[in-house]
Each structure stands twice: as C-alpha cells, then as structure tokens.
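Each of the two complexes below includes chain A, the first together with chain B, the second together with chain C.
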Partner chain A sequence: MGLKRYIVRRIAWAGVVAAVMLTVTFVLLDLAPDAQLARVQFQAAASGGNAEAAAEAYAQRRGLDGPLWERYLDYLGNLATGDWGWSDTRSQPVSEAILTALPYSLMYTVPAVLASTLLGIAIGLYSAFNQYTKTDYAATFVAFFGISIPNFWFGIVLLLVFAVHLGWVPVLFDAELARTHPFSLANARQLALPVFVLGTSAIAGTMRYTRAEALEYVRATFVKTARAKGVSERRILTRHVLRPTLVPLSTILVGDLLGVILSASYLVEIVFGIPGLGRLSLDAIQRQDTALVLGTTLVPVFVAVIGNLLQDVGYALLDPRIDYGDR
Partner chain B sequence: MPSGHNLDDPRATATGRSRRSFLKLLGLGGAASLAGCTAPESGSGTADGGGSAPDRADYVEGTATGTRTLNFLSVDDEPSLNRVQLALDGAYALTPEQEIFPLWADISTDEGRVYTVELRDNLEWGAGYGSMTAEDWIYMITEVFQAEPNWAGFPTASDWRQNGEPIPVEKTGPRSFEIRLQSVDPAFPLRPIMWGQYCMPKALIERYRSDEDQSGLQQDEEVQTLAYAGNLGPYRFERWNRESEFVAVRNEEYYLRDADDVPAEWADAPYFDSFTYEVVPEESTRLSALRTGELTATDVPETQVEQFEGREDVDVKVFPQPYMTSLIYNQRANGAFYEALRKPTVRRALARAVDKQAIVDDILRGYGNVAHTFQPTFSKWYDDSEVTAYGVGDTYSHERARELLESELASTPYRYDGDRVVDGDGEQVSLDLVFAQGSQSLQTTAQLVAQEYDAIGLDVELTGKEYGTLVEHHVYNSWQGDGDPPWNAGPYNGGPRDGSVSSEPWDLILGVTFNTYPRTPSSIRGFTVERGGINFYGYVPETDFGSLFERATSTVDEAERSETLAEIFGALSVEQPFNFLNMGVEIVGYDSAIRGPEEVFGYSWDRNTWRLGSA
Partner chain C sequence: MVGEDDADGDGEARFGTDGGEGERARFEDVDWDAIDAQRTRLAPTRLAALLAGIGYALALAHDFLVAGDDPTVEVALDLPGGAAASTYALDVTAVDWLFVATLLVGGFALVPLATNRRLRAYYWRRFRRHTPAVLSAWYLLAIFLLGTVGTLLIEQPDLHLAAAYQPPVFASVDASIPTECVGPVVDGRCQGTWAYPLGTTAEGKGLLALAMFGMRVSMQVGLIATLLSVAIATLVGTTAAYAGGWVDEVLMRYVDIQQTFPTFFLFLFLAYLYGGSLFVLIVIFGVTGWGGIARIVRSEALQRREELFVEAARASGASTLSVVRRHVVPNVSNSIVTAATLHIPFLILSEAALSFIGLGDVTLPSWGQTIAAGRGDLATAWWISTVPGLFLFATILAFNFLGDALRDALDPRQEV
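Up next is the complex of A and B:
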C-alpha cells in the first residue's frame, strides 16, 4: 500500500513539473526574437511592401494572432483533450510528428543503449576483477577514448572512412527504407555508424562507474567470506558484486537515457541526417514552432519522471534494505 | 517511378540513386564501354533505343532544411517554394535575358498599364476540379490575395494593392483576364506578382473562404499533397517524409508536352524519373554524399570548393546572385559617430579605408564580386561609366582616407589627436560593429573592417548577434521624441533620424544583406529615400532619388529608363549611403553528368530541361 501511495504521489508531482515546464517554455518562446518573422518583414519592406501587414499575415499563418494568455489557455485546453496541437513548421499534428520521429530515434538509441549497458557493465566488472592488468589498461583506454572524442567529429570521420572511402555504408540515411524495412540488412548497415558513435560515448561512462563501484565490493568482507566458504567466482561476480553495484548504476542509466535523448541524439541525428526526436525538437526550437517545442518538451519530462520512478522502485528490488513503505 | 529498394547494394537507396546508375544510363560503364558502344551525346538519357519506356535517372538534391508547408499561400521560405515548384509551374517564367517564357499563361500589354493574361487551354486541375479557367484566377486574386482581412495569411498580399487599393482584375474570357494598374508600370511582368504566381481551384478555396478558415485550408489533404496540381507541373507529389525527403515523380500528363510554342527540349521534359529533395542538415555529410554520388547536386560553401577541384565526377558551378553585403552606417542619433557618418564626404573617406578586393579574394576566396553601387555589374541597368569606385586599386588608401577624414571632421564634434580619432571630450572614438552570427566569412570580414578602421584611428568593437536579435535590437526603430512623429514609414523607419532610434545603439552593421533587384531596380527606392520603408540607417540623400525613381518607373521608353537608372546608381556610388562591399554568388556542386545549368543570374528557370549527358 505504501509503495502504491508513493508512486501515485510521484506521478502527481510529475504533472506539476510538466505544467511548470510547459508554462516557462511557452513564455520563453513568446519572448524570443523570431528570425523568420524578421526576415519576412524585412523582405516585405525591402520590396516596397507593408512590413506591418506582412507581420500580421505571418502571425495569422503561425497561429500567433492573439494575446499570450489566450493562446496558452487554448493550448492547455486542447492538451487536456489529447490534442497536442498543429506543427505549422511541419504541417502535421504534433502527436503525429513525435510518433513519426520516435521510431527513427529508437532504431539507433535502443541498440546503442543496450549494447553500451551490457558491454559497459561486463567490461567494468572484468576490469575490477583484473585491476591494473594490461586488459584493464586497454579497457580504460577505450573508456577514455569514448568519453573524450566528440560525437560530432567522430561521426563525420567515420562517414568519411567507411562511407566515402571504403563504401561499406551509405552516407545518407534513407528514412523511407528505415520506415518500410526496419529490420532489413540495408537498414542495419545504415544504422551501424550512428549506433557505434552513440555506443562508444555511452559505454565509457557505464564501464568506469561499474569498475569503480565493483572495486568497492571486490574486497568487501562479505565477498571474502563467500570466497572462504568456497562460493564459485561466477556466483561471487553475479550475486555478491554485481547486485549491489547495480543500485548506483541504475541511477546512471536513467541519466544516460536522458543524455541520449536530450543531447547526444541531436548531434548524431544531425551528422547522419536521421529525422528522429533530437532533430525534431532542435528544429522546433530553431523555428520557434511553439506547439512542437511543447510537445517535444513533454517527452524528456516523461522519460525523466518515469525513469526516476522506475529507478526508485528498482532500488527496492535490488537492495532489500531500501523500503518506501512509510513514505 | 524510382526503381525501388536494392537492399543488397550499400550505395543504393530507396530511389535507386547513385552515380553508378547515372553511368549505366549514360552507357559509360561496364559492358557497354567494353563493347565499344558510344554513349548518347545528350537527349533523353535513355539506355535503350527500343520502343519501351525510357529509363531515366533520379535527381536528388541535398538541402540543409526541409519544407514547412506545401500550401503556397503560406510559403515564406525558399525550401518550401522549391518543393511546390516541382508540381506547379506557375504563370510564367523569366529567362536570364528577362524575357517572358509562358508556362500556364502569357502576359501582354499595349501601354504598360493594363495587362492581359491568357491561359493555355490544356491546363487541368487534379482531384476532379476540372480545367483551370480565368474564374479560378479572379477568385484567387480577389478572395485570397486581396482579401481584407488577409484570412489566408498570404505573405505578399500588399503586392496586389496600389496606394492601399486592390488592383482591379477583370475576366475577359473563359481563359483570359485583365490586370488594370493605377499607373503605368512597364516592369510589372518582371515583379514577383504574376511572375511565378500559383493558383488553386476556386471550388477548393470556396470551402474555406466563407469561414475565413486558414487552418482548415492549411490542413486540407488536397493542399498537403498537392493533389489539385493535376497536369500543371513537371512532377507529381509522391511522398514527404518530414525533415528527411520530399519525393516527386515525373508527371506523365505534363501540359507542356502538347505545347507547340516552346523549344523542342521542353517537349519531353522533365528528363528524370523523380526529383528528390534530401534534407541533410550537416554540411560535411552533404558534401560526402555528393562525392559518393548519392546526391546529384548540393550547395558548396566557398571554403569547401577546393576539395572538388580536379574531380571528374563533380562539376562546381558559380551563379551570380543579386544579394549585396554592405557595411551599414548608423546615421540616426543613437550612434557614437553619427554626426560624422551623416556627411557623404566622411562616408567616402571611410570607403577608401576598406579593401573590398581583399574581402572578395581572401575571405570569400574569389567567390563574390566587388560592389560599388546598389546594382550588380551583370544587371542591364548598370553603367560602369556612371559609377564611382572606392576601396579598390588607387581608391584604397589608408593615408588618403585619413587625410580626407581629418579635413571633414572639422565641422563635427570629432577630431584627430595624433593618430587617433577622438570626440569632443578628447576620448578615443570607438564604434560598435554588430554582425549577424552564423557565417565565418562575415565574422572575418568584420575583423578585417576593424583592422582597416584601426589603421585610420578608429577603434571598432565587434559584437555577434543572432539575426532575429540583431534586427530587434538595432534595425527596428521607433520615435523617441516628444509627441507624435512627423511621419512614420514602418518598423524600420519610425520617423526622422534625430528622433527615431533603435532600442540599442550601434554604429556599423554587417550581415543584413540587401536584394538589389536587377530585374526591377526601382524596387530599391525604399533604401534610398529619407522616408523609405527600409531606411533603418537614417540616410538622408543629397540627390533627389524620389523624383528620379518616379521618372524611371513611369516611362515606357527603355532608353530614358536606362539613363535615369544609370544616374541613380552613379549618384548612389558617390553618396555612399553605406559601404557597398560585395555581391554574393551561389555555388553548387553537380554530378558531372548533369547538363543544363548555365552560370547566369536566374539560372534555374529552365530546370525542367536539365538532363544527363555525356562529356
């Protein structure tokens, strides 16, 4: 009962957070100078036309012809009925824009996050158990390389090598192919580099955290006791070291996922031309498409809130000492 | 239709585009070459000479941004316009020689005031709307372009008005109508009013007109997919993956195939099975795709042209553009040096201090042309003998600039103190140069200007701002004086320069480019008269440009017009309202198999006739 109440309270709190973020975003967008409006007005005046009439027509086209509070209330009213609004820079409903972009993002983020998580944890544990060996140094080098190298630059270089010079993969991302044949070899081929670039940056953090956390437990008294009792190394690794290590790691995983959605994906999607969520939100901000910015703002808010909730619940499952019963 | 997916070929994509496919079509690759077959000189790009349907290639153009809408009534950006143009030809085109090339319609006049538009008789709407008639146009013009209020949000509604009144239009036949201007305007066909204008079926517009339902029209499925386009363009809408690709396929019903008044190459146009705009935001990725042949064409920045030199598979072409980069002086009362900048003699002295040729040669790497007046040299209205040059050759000299500046500052609050220019309090004069962020060459130009000014004793502080912010802070200006302004010419010119100023002070601006309108040069009037709608810099000319423009626009005698315009551009070069720096160019890299693009202004007018050809 206590856990359920805790979850309900957290979800209600998420609603408050989302409302605050939407309001702040709405107001900030309205205050920001609109470069396209400036161009349209300037062009009208430069060609002898009426700049004010051009601005009014622009507002009419973009649905900006009304006081801020009225537009905001309209938006909230529509949102409450499940209508996320119309994106006038893409000429489609916001919900459709997000649902169209989401699969493209998932196509490369899911493999990248899965691979980096599994490999990162595996290599981190290996390094912890083999501290200061050559393989540990090699793994550390890979980790620092992944953290240090900018995704943007790395993506461009990989494209030049593997697409332009070797011709192993195409330079351009074919969205139609990805949409119609998501599980084809050709799609896997065009996703290989984005997954690799995103994976190398994500794997490093996971691996280093795993190594550091695992090192705390490798020499812990309960591990020594288990060894003394004759428990196998495999069981020590999975039951006595990995399990407590996963508690702080689960915190990083939500952060990783958010990082992927909020920042890394912008860069990867721009370099590889993938029309995913990162570009969707970036374009929306650059073009000041209010409805779309708000829609794409809700996605990371949702991921953060639900991710953190799942992570808190996960703590209780991973570590029996943690309990939300009396919260 | 494109060839579909080849899931085994890493270079092939959904539309089957690749340089290899071009070579195959040209007969330049593999077995054909080995067998000694010769490639076709030019023509349809067919691979076989048999009776089967010609096998054409696909044209894929890489762009940085996608389209916002396919509703041309809402289009205010070039990428959207480019997509619409594939399915809708528009009324007529203009050749680089400024001749009218009839597409949907021809336009003619006797005396330059009443224009007759005659539509072809084989224009068919799609989606069951029947034939295009004069009725459609009259309804479009009166109920949309000239509607009050502007319910459709049409961006250039003011073009269809003269002195605040709608330009009268009248149907004169089933497929003809007249446009009756209030006064003679021989350049009317060259203005983007009827030129390239689109139309929608009356029945489609009627559904939204009574409720003034702009969003309903915007979201209409037939508008979103250009389903009403019928046989009116060279391509048909196929699909639009937002921010990824826009694909149009060859329109087999294209109306120009039946036209007997167009050159032969139009008879079978277009020569590609499909035309795709591929959105690739990252420049280096676009250029890589051009190298691998995945793109047929894309823009190439001047800094990257070098990497394509010597490549046989890519042709880089340079097209003159009418956009001018200038160093704009603030002559309004919130500048730190405005008393001096109001004097043409000071502006001329400053123009001598900046090496324009170095900007073109070293910063733009030769991809640009030095400007001396408000008109490019390729314009038919440009008369070299009338234009005075500054900042090139002998007219670029720091010594001479300082000498002239020193003598001209005598009647201002500024003076030279040793090598430096100081104000009335003896403080060093420091000018704020604001430039638009986002262009490396512009930033370098700003740095060069700062160095050049430093050499004549003026400090310059550089500030980069995002374009929208720059306009809001420095270009908009409003009346700050007592009471109402004596006159107000809009947000860029809120009144006389002593009372109407921008919200933040500035002295120099770089990055607000001006269109020089080489086809209709009288359009620049607003830049050159005190009450001009775009005169945000507070220029008060010594020459009576208003009268000169009046003379140039009202005469149908081309010689008189030429003479008057030459006088205007000569006077502007002398008065130097701002420092005319350079005219821009567009640089495009094409697959070398493409034939058709000519390096002239307005080069894309015959894009439908471009094709594949052998070297």
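Up next is the complex of A and C:
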C-alpha cells in the first residue's frame, strides 16, 4: 500500500473516530439526568405551577421533544456547521465563548510548550551522553518530580511563595492587561508562574523519551564509526544522534504532550485565575451549563483526534522504515 | 507473577517419582494418577480463597439484606481508661465492599510469589537495588495502614469553629488569625499544639485526621479502579491476541478510540454528568481507563502464545481457555503489575484534581477537596492547602518510583 493511500485511510479513520466520539457524547448526554430540567420542575412546583407543563415547555424550548434520531441528526449537523449551542449562563453562543477564552489559554501554553520541548530535548540528550553520572541522576529526579507533582497544588505553593510572601508576581491575574498589552513586561510577569508550572509537567515526558531514544543511538555502530573517523563530539551529537532521535520524538511530542498540556492547563488556569478554556469549562460545570461543558470538552477531543492523526502521518512521512500495511 | 505450575512447589510430584524398586520411571513418563489426585484435591490456597469468597458473599448479603440502611456492625465497647461505654458503629459502604474485594483478590494474587522462596528472593534482590523504591514501598505501606486501619480507630473530623485555623505543631501564627488559640500564645503569636499536630482548617477540622481519611479515599480510588481496569484489560487483551481476525481488529480499534479521547476530559465529562459519589467515580475510572494496559497485555500475549511452553501445553491437550489462564496470563503478569503500578498514581491524581474542582464526593474528606478549601486562606493559613498536597505529592512520587523499580525488577525487557 502506498503512502498516499495510507494517509487517505488514516484521515478517513480520524473522521470515523470523531463521529464515534460525537455519538458517544450524545448518548451520554441523553442518558444523564438533566439538572436544569430538575431545576425548572422544582421552580414550577415551588411557585404553585404545574411541574409537568413546565418540563414540557422546557423540552420544547431546548428542542428535546423530537424523536431520538432527529435530535441526533440535529446535534451532528449543528456541531458540523459550527453551531455549538447557546450558553445560558453567559448569554452568548458557545463557539463565541470559546473563541474569547482561547487567546488566554494560548498565551501561556505556547511559551510553556516551546520552553519545555527545547529544554527537555537538551537535557535528555545530555543525560544520554552522560548516562549514570550525577547530572543524569539529577535530571531523572527532576523528571520524576515533574511527573509526580500535582500541578494545581504546585501552582498554589508557588503562588504562596512568590506572590504572597515575596510579592514578585501579582496574586490575581489581570485579564484586562493581558488582553490590551499581551506582549508587555507586566503580562510576562503574571504569566511566569503558569508557564513554569505547565512547563515542569510537560518537560518530564520529553526528557525521558529523548534520553531513551538517544541512548539507542549513542551506542550504535554508526556513531562508533563516526567517532573513529574523527568526527567532533558536537557533530556526532547534532548529526548522528539528534537527527534520528527527532523522528520518533516529534510524533511522541504531538500525541503525549497534547494530553499533558490539555489536562494540566485546565487546572493551572483555575489556580491562577486565567480566564481561558479551563476556567470557562469550570464555570460551566459549576453553573450546570451543559451546552458549554460539552463545547469545552469537545475542543480538547478534536485537538486530540487531529493530534493523533498528525502523529501517525508524521511518523509515516519521516520514518521510511514504517510499514503501513496493516494500519 | 509466576506460573501456577510452580505455585505449589511440588511440581515434580506430577512426574513419576515413586522411584520404587520395580521398573524405573523415565523422566518423560507422566504419572497420570498423581495428576488426577492433584486435580481432585483442593489446594490449601484454593480452599482459603474459596472460604474467603464465601465469607465475603455472606457478609455482603448480610449488609444488604439484613442490615439495610443501618450500620453494618454495632459493638458496645468499654473503653479502657475510665471512658464511658460507647457504641462502636461501623457502616460499610459499597466502596468499602469493593475495597475489601480488591484487597482479597490482590492478596491471593500474591500467594504464588509468597510461597515460592527462591522467586521471592530473586525479585527482592533485583528490587532492593533501588533505594528510593524501597523507601517508597515503606511509605506506601504506612499510608495504606493509616488509611485503612487508622481511620477505623478515629472519628471523622467534624465542624468545630472554636478551633479554626490552628497552626501545626512547632509552627506559629499571628494570634489574630485563629478564632481562639488552643495552644499557648507567646509574643502575640499562637503556637501549634499536639492536639492538632498538623493544624486545623477554617472549619476547625484537624488536618491530620483529614489527611488520614484522604489516604483512605486515595487508596480506594487507586486500588479498586486499577483492579477493575486490569481485569477488563486482561480480558480484552488476551481475547484480542487469541481470537485474532476481526475480533482483534474491533477490540483494538475500540481501544484506539478510547485512547484518543483525552482521559482527563473523559473523566471530567462523565463526572459532571453522572458523578457525585466516590462509587460512581471509581467505576468511571475503572471502566474507561484500561486502554493502555490492554495494549500491553495484547502485545505480550501475542509473544507468549508463540513460546514453546504454550505449544507444549497445547500439544498435551490443554484447551485454549486453560492455556490462557494457566500459562499466558501468569507470564504476562509481570507487565501487568508494572503497568498497574504506574496507573495507580494517575488515578489518584485524577481523583484529587476532580475533587479539587468540586466534582468529587463532597461527603468524603479527600486530599483534593482540602487543598481547594485552603486556597482562600493562603495568605493567613498556609498549612491547610500545603499539608494534604504534600501527602498527595509524596504518594504519587512513591508510586512512580515503585513502578519504575518494578519495571526494572520484573520486566527487564522494557527499557524506558
């Protein structure tokens, strides 16, 4: 099977995955007890009205009175055309709420991903070249630390030390400042801690993967040959080890890093009060705004589906040894 | 951990070893009478497992049919030390029942290892080299005992506003912060007391007691949900490996899809829709988080089924089911144990995160919930968020160290 056919098939599979996930979320939503309906009924009963009639009116208003398949098709069609529903608590379309929140999330995730990737690869390579030295053990410990520390708690502790006690950074995130002057020094200061917290949880995986992958090549015969020919250590590092290491790494990064970043950023935003996607989703959860909860859950889901697609296609493109017969 | 064949330690007995004066038994002669005898005789482990299972079922039936909503056990106690006689009531919840079942299954899974001294020594030698992991194992044992046995002995902390904001022992805080300082006030600073070794929350709950109940919640979530996941993953993984063809394709494609859904958001979404109790949370974790382990089991099982001992078992007439049960699963268990150990901290962290944002069980004092409760008082009472967070961090770190060392000890082929 050719590469082109593989890519086409892989894209089709991503479509299937997305469709299955949407179906599953639809079924889950349909089966779940509707908190809002209960509230409407309770309100009607409390004010002496007819709970039954109120429930019917509610269902009609929300378009819940049609047959199941009709609602399902509506649901799919709306999502596909960008109509992600109406957020009751924010009185705006869900897609608009998400688009307003997104820049705040990107503001600290992008620097965190860049920094943790570059540093992670550098430290991983260093560890591989100096295996079982003190520095390698220190790096390993940092990796364990990064994987293990609950980032929401880490954020709280850092806030306690650097904002409350030392006063180096503001305790409260100033959204207005971030919106008007995104590239100012003051904004960088208030984003420093979130970037650091997110970076520590993301760097661990990169570091360990780089070390493991690079170790495979450090002892490879072609590296020995290069060394015997008198190639400089720097050139061995950049040309003979880093290059083959980057192939599997680039794909691991997309898939695994995404998962870490998505879930970590959710809690980081809550701790630091950044009005990004995570914060939006939490508000929706607390106010039981199901349409918004669904929307903010589907964003990471779609990101993950596309990330996985890019990962597989990237692997097939970059590594000629990959046999895409059965995939 | 080890093939059940070796478990009894008398594996040789099945070959003709009567060695009488008469004809000498050759090595390859199989003494079928011995094997038949072994089959009918109930091994002590089996018997114990059977008895434990029956006891468990009876106790469970008693709790649900007889005790109903009343506390399961009520014992009148005369406490030594002159305290008034008090009733000791123990209400066993559904999660507790699952937890007991998990511990029973885990305990009996360890029997083959415990009875085989040589194997135990071998793994211990390999494991001992990792000092952090050995320390982690002791720490986790302490946490486990405090959480399970310790919490039975203490009362769940309740509202006690007069004792709010007490600092931990050896620490002090400005006397204006606690409502009323339980300990001595020195130079206008309230000192911590041994009455509340780790301080108290804004509601005057002792943090030590809260942390101990948090240990129980974390252990229950981590262990029960992981066992559920392992059970499903083993079933799916071995089925996929052995059935092959379209069954394999469908199962693994399903795992693909499940793995693509970001796990944390899946937990979050489900907890939002159906959550509220620890039981539901554990079921959500257990039923949706097994994809990674299933992939490991499948790939390992695919390798094992090509091994000679499997071929030998099949050649001597063993059915597929018994080959899988007696030869494949025990030999895959090394990878399962490693994967499970590394799965536990992820679940504990997920539970803490969900509790932190208020989606956990609000009736149970979990670590994440206490961390969230202390967020508002960071400037004045730093210990409320810090103490449970330290326990959470240390527990996750310990499980990660343990899992890493177990991988080295049990699973030398996997190098990461």
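The criterion applied here is as follows: the second predicted complex is superposed on the first by the 241 of 327 C-alpha atoms of A that agree within 3 Å, B and C clash if a C-alpha of one lies under 4 Å from a C-alpha of the other, contacts with A are read in each partner's own complex, and residues count from 1 in each chain.
Definition applied: contacts are C-beta pairs under 8 Å (C-beta built on N, C-alpha and C of every residue); 3 or more make two chains touch, one makes a residue touch a chain.
As the structure is a prediction and not an experimental result, all values here were calculated from the model.
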With the two structures laid over each other on chain A, which partner does A:164 touch: chain B (first), chain C (second), both, or neither? both
Determine, under the contact definition given at the top, whether A:297 touches first (chain B), second (chain C), both, or neither. second
Considering only the touch criterion stated at the top, classify A:232 as touching first (chain B), second (chain C), both, or neither. neither
Just chain B (first), just chain C (second), both, or neither: which does A:130 touch? neither
Give one of first, second, both or neither to describe whether A:270 is in contact with chain B, with chain C, with both, or with none. both
Of the partners chain B and chain C, which touch A:145 in the superposed model: first, second, both, neither? second
Tell me which touches more residues of chain A here: chain C or chain B. B
Under the stated touch criterion, which partner chain does A:23 make contact with: chain B (first), chain C (second), both, or neither? neither
Find the residues of chain A that appear in the contact set with chain B and again in the contact set with chain C. 32, 156, 159-160, 164, 270-271
State the interface residues of chain A toward chain B in the complex, per the touch definition above. 32-61, 63, 86, 88-92, 97, 100, 156, 159-160, 163-164, 167-177, 179-181, 184-186, 189, 270-273, 275, 279-280, 283, 287
Chain C residues touching chain A - in the complex, by the definition given at the top: 256-257, 260-265, 268-270, 272-274, 345, 349, 352-353, 356-359, 371, 375, 378-379, 382, 385-386, 389, 392-393, 396-397, 400-401, 404, 415-416
So in the complex, the part of chain A that touches chain C is made up of which residues? 17, 20-21, 25, 28-29, 32, 144-145, 147-150, 152-153, 156-157, 159-160, 164, 208-209, 212, 258-259, 262-263, 266-267, 270-271, 281-282, 285-286, 293-294, 297, 300-301, 304-305, 308
In their complex, what parts of chain B are in touch with chain A? 5-8, 10-11, 13-14, 62, 66, 68-71, 74, 76-77, 150-159, 214-215, 218-219, 224, 239, 241-245, 247, 278-282, 284-285, 288-289, 291-292, 294-295, 466-469, 471-472, 475, 490-492, 512, 514-515, 517, 523, 525-527, 533-534
